[in-house]
Amino acid sequence: MAKSRRWLGLAPASIIMLGLFGGSLGYGIAQSLGWLPFLGQRQLSLAAYRNVLAGEQLGGQWWQALLFSLWVSLAATLGSALICLGLLSSIAERQQQYRGLSTISNLHLAIPHSVWAMALLLVLSQSGIFARIGFALGWLDQPSDFPVLVRDRWGIGIIVAYITKEVPFLLLMGLASLRQQGREYLLVAQSLGANRWQRVRLVLWPLLAPSLIGGSLLVFSFIFGAYEVPALVGVRYPEMLATMALELFLNPDLHARAEGMAVSLLMSLIILLVIGLAWRWRRAEQQP
Amino acid sequence: MSYLQIEQLTKSYAKQTILQNINLNLNQGEFLALLGPSGSGKSTILKLLAGIEAPDAGEIRLAGHLLNPVAAHQREIVLLFQQPYLFPFLSVAENIGFGLKARKVAKKLIAQKVAELLDLIELSGMEQRKPQQLSGGQQQRIALARALAVQPKVLLLDEPLSSLDPEIRGSLQGVIARLHRELQMTTIIVTHDLSEALALAERTALLINGSLVADLPSIELFERPPNRAAAQFVGVGAIIAGHMHGTTFDSKLGQFNGNFGPNTFHVAIRPEHIQINNSALQPSIAAQIIERRYLGERWEYRLQAAEQLIVVREAGQAPRDIGQTVDLHFPPQQLFALAD
Amino acid sequence: MSYRSIVWVLALILLVPIAVFLIYAFAQGWFFPALWPERWDRALFLRQLADPQLRRAFGQSLVIATGVSGLALMLGYPAARVLELQAFRGRGLIYGLFFLPTVVPSVATGIGLNIVFLRLGLAGTLFGVMLVHLIPVLPYVVLTLGSSLARYDRNYELQAAVLGASPWFVFWRVSVPMLLPSLVVAGVLAFLISWSQYVLSLLIGGGQIITLPMLLFSAASGGNQSLIASLSLIFIAPLLLLLGLVARYLGSPATGATPRP
């Protein structure tokens, strides 16, 4: 009886997840291999992948987008992880309760990434609020004197948008492990004679590392594949993989669909590789 | 025919046997203590009786009706856990009335019943309190009232006092004993504490490693445990190994006269029945005191004689010295045979 | 930095965009390089509120997000219960199934499902969009309820059962009140994820379902700043309201709110 009950509880959610997710994966792979029955095309080939990776026009675009995506994701992930680590190590010894910090970090959820990007656009653009303040202070004479911070070719706008958005997330991940007696361990280390730097390096860092590294990987995989922010505060060139995939897919030329699908699958593959490697590394760490 | 019948009850978790062929019968209104060390499976018996777990084999009958297929909420057997589990989002009155509300009893009747029960457990006027505002002892009393409210046919108590301070435990034992006298509800209490079984229950069943090793009037279990396992659990002065030779029991400690039965290989005696240095009583055995502690009113000594450990309790004496050798006498009429 | 100043900076980062939107939405004739608007005017904002297209998008977003969060709770609660309260083989595998969609980009899942949903006649329907929103939403609901159930003492339910409460009575009178904070937070998280979803709605909505994020995207490419600001305000108002209502639950670990990048 217990067994049938168990499947009764699990089945609906699992079937929906498996159906939607598996269905999308299956159809995605089929279409990337050129199986486009609505175009009467049922021949399987690797043409789309060949075009994407080494094609005359798309090939260059793919490698550019890959590099740009890696740059943006790595910079934003590292930036937010370092900020988060700095913040937590400056308070971990004195703080017992993290209710306020945890609540305010959670409240940041109220501003979705797309809206957040819009706010940055209004603040950081060349006629934005910062530029107006700069003008009032006499630092610049015309809008074009203000540095291009959003919709710039280095992705600064995208990176800033993500860092400000992901620091609260990583704080929440870190707090989860600090809350479990973080302060007690630090006090024990102090009573055993460890100085401030030793305490951070020998106690706080090992305590925070699993959740911060895990959180950073989630952040990386999210940024690497997300569409909204680069679409809103990025430029057409260089673009990120997600925008490239969606634009190809929405292209009026239906044959570009296979290529869009190939880009999105390759992008997902990279993310799964990163997550898989991290998972294996964690397992190896946990084994004695 | 007994009111509550348990036949050949067996239960295992993940290939580990927890209960094996348990047989127990209770008459209506009886108070049974289910005694045993932790992990002996005594709480599991209560869970099977209450219906929150299913046995692998065996039958449970209440007033002749087979209970196995009956769901927990239809059994009218209430189990009280070690923790009071008062619902934190309900007031005291709503907690006590919970079972009645589940039975769709009219509001007015519930209020009346709640007031009655609060009076019975001497907590009148607490209706509107929240559980978090009460002490541990008060919470457990409310939990008891909540169980009594539905007038269960059998009340099961799973070490309800073990998480309380000793003082409160004593007073709550008094409350439970009084309620049983007044309501005559068929009750089983699970405990690992012999003194609790003696204080509350007229009968005690002893459970060790998933098997019943004794089922006797509580005082008898204490004074004359029937077998080695029971003797080890309730504690005796000495368990002496040997064998019968006619009407004498031969052992390393000497010979003891008594009619213990032909197949007796162990005899025992209670620690307070062993006499120390009473030259009028013979035969005597020389033993060395290796440890002593004061229990209040009595001294307890651990002694050694011929590789045999002996415990003696002696009242009203100045303490004897550790290392001293004394003469012990085992009065023959106080020795009893232990089955294996 | 001290703890207090970190909390304040985070609060400020949250408040600044709201203030910026308010200024841009109500400023009139605010040309560069003026530091402060000359006049305030709510006409444009009110016109936005009255705009039939916006009202329709708001309504559809509301229906979708509410439906998704209801569906996700109904599907996610029993699944989380089994996953957390029972030990069985394959548990890790099922958790993996609920974890994968949180890392695979919605661009990938969305374009994979685009054709499938067209074939099934689900593209361009409210139900189809709700269904596809379950991909990012359901995992968070299962994980949030799961981590709260991990701290949950089931004996409260067993106690109620032996007192004579039927399974249905136990569910409504014990489980739901005991787990209420977590259920509410999971529901709000679900609403929020669905409400902010752009890519999946675009790919499955097929131009027939218009949600708020789509209006925001088209305003962004249009470049009208006061329009962007008013839309942003309208976009985040319900989220601020909901999160404000559950704020006191959010900081507590017992709620189990799973953080989201």
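For clarity, chains are labelled A, B and C in written order, and residue numbers in each chain start from 1.
Quick note on the criterion: a residue touches a chain if its C-beta (ideal position, glycine included) is under 8 Å from a C-beta of that chain, and two chains touch if they have at least 3 such contacts.
This structure is a prediction, so every number in the text was calculated from the model and none was measured.
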Steps needed, at fewest, to go from chain A to chain C via touching chains: 1
Chain closest to the assembly centre - both centres taken as Cα means: C
Centre distance in Å when chain A and chain C are each reduced to the mean of their C-alpha atoms: 18
Whole-Å gap separating chain A and chain B, where each centre is the average of the chain's CA atoms: 61
Gap in Å, rounded to a whole number, between the CA centres of chain C and chain B: 55
Chain A residues touching chain C - in the complex, by the definition given at the top: 2, 6, 8-10, 12-14, 16-18, 20-21, 23-28, 31, 38, 87, 90-91, 94-95, 98-116, 118-119, 121-123, 127, 129, 131-133, 135-136, 143, 164-166, 168-169, 172-173, 176, 179, 215, 218-219, 221-228, 231-232, 242, 245-246, 249, 257, 260-261, 264-265, 267-268, 271-272, 275
Chain B - residues contacting chain C, complex: 50-52, 71-79, 81, 83, 85, 87-89, 98-99, 101-103, 146-147, 150
Chain B-touching residues of chain C, taken from the complex the two chains share: 153, 155-156, 158-167, 169-170, 173-174, 177-178
Contacting residues of chain C [partner chain A, same complex]: 1-3, 6-7, 10-11, 13-14, 16-17, 20-21, 24, 32-35, 75-76, 78-79, 81-83, 86, 88, 94, 97-98, 100-116, 131-132, 134-135, 138-139, 142, 189, 192, 195-196, 198-199, 213, 216-217, 220, 225, 228-229, 232, 235-236, 239-240, 242-244, 247-248, 250-253, 257, 259-261
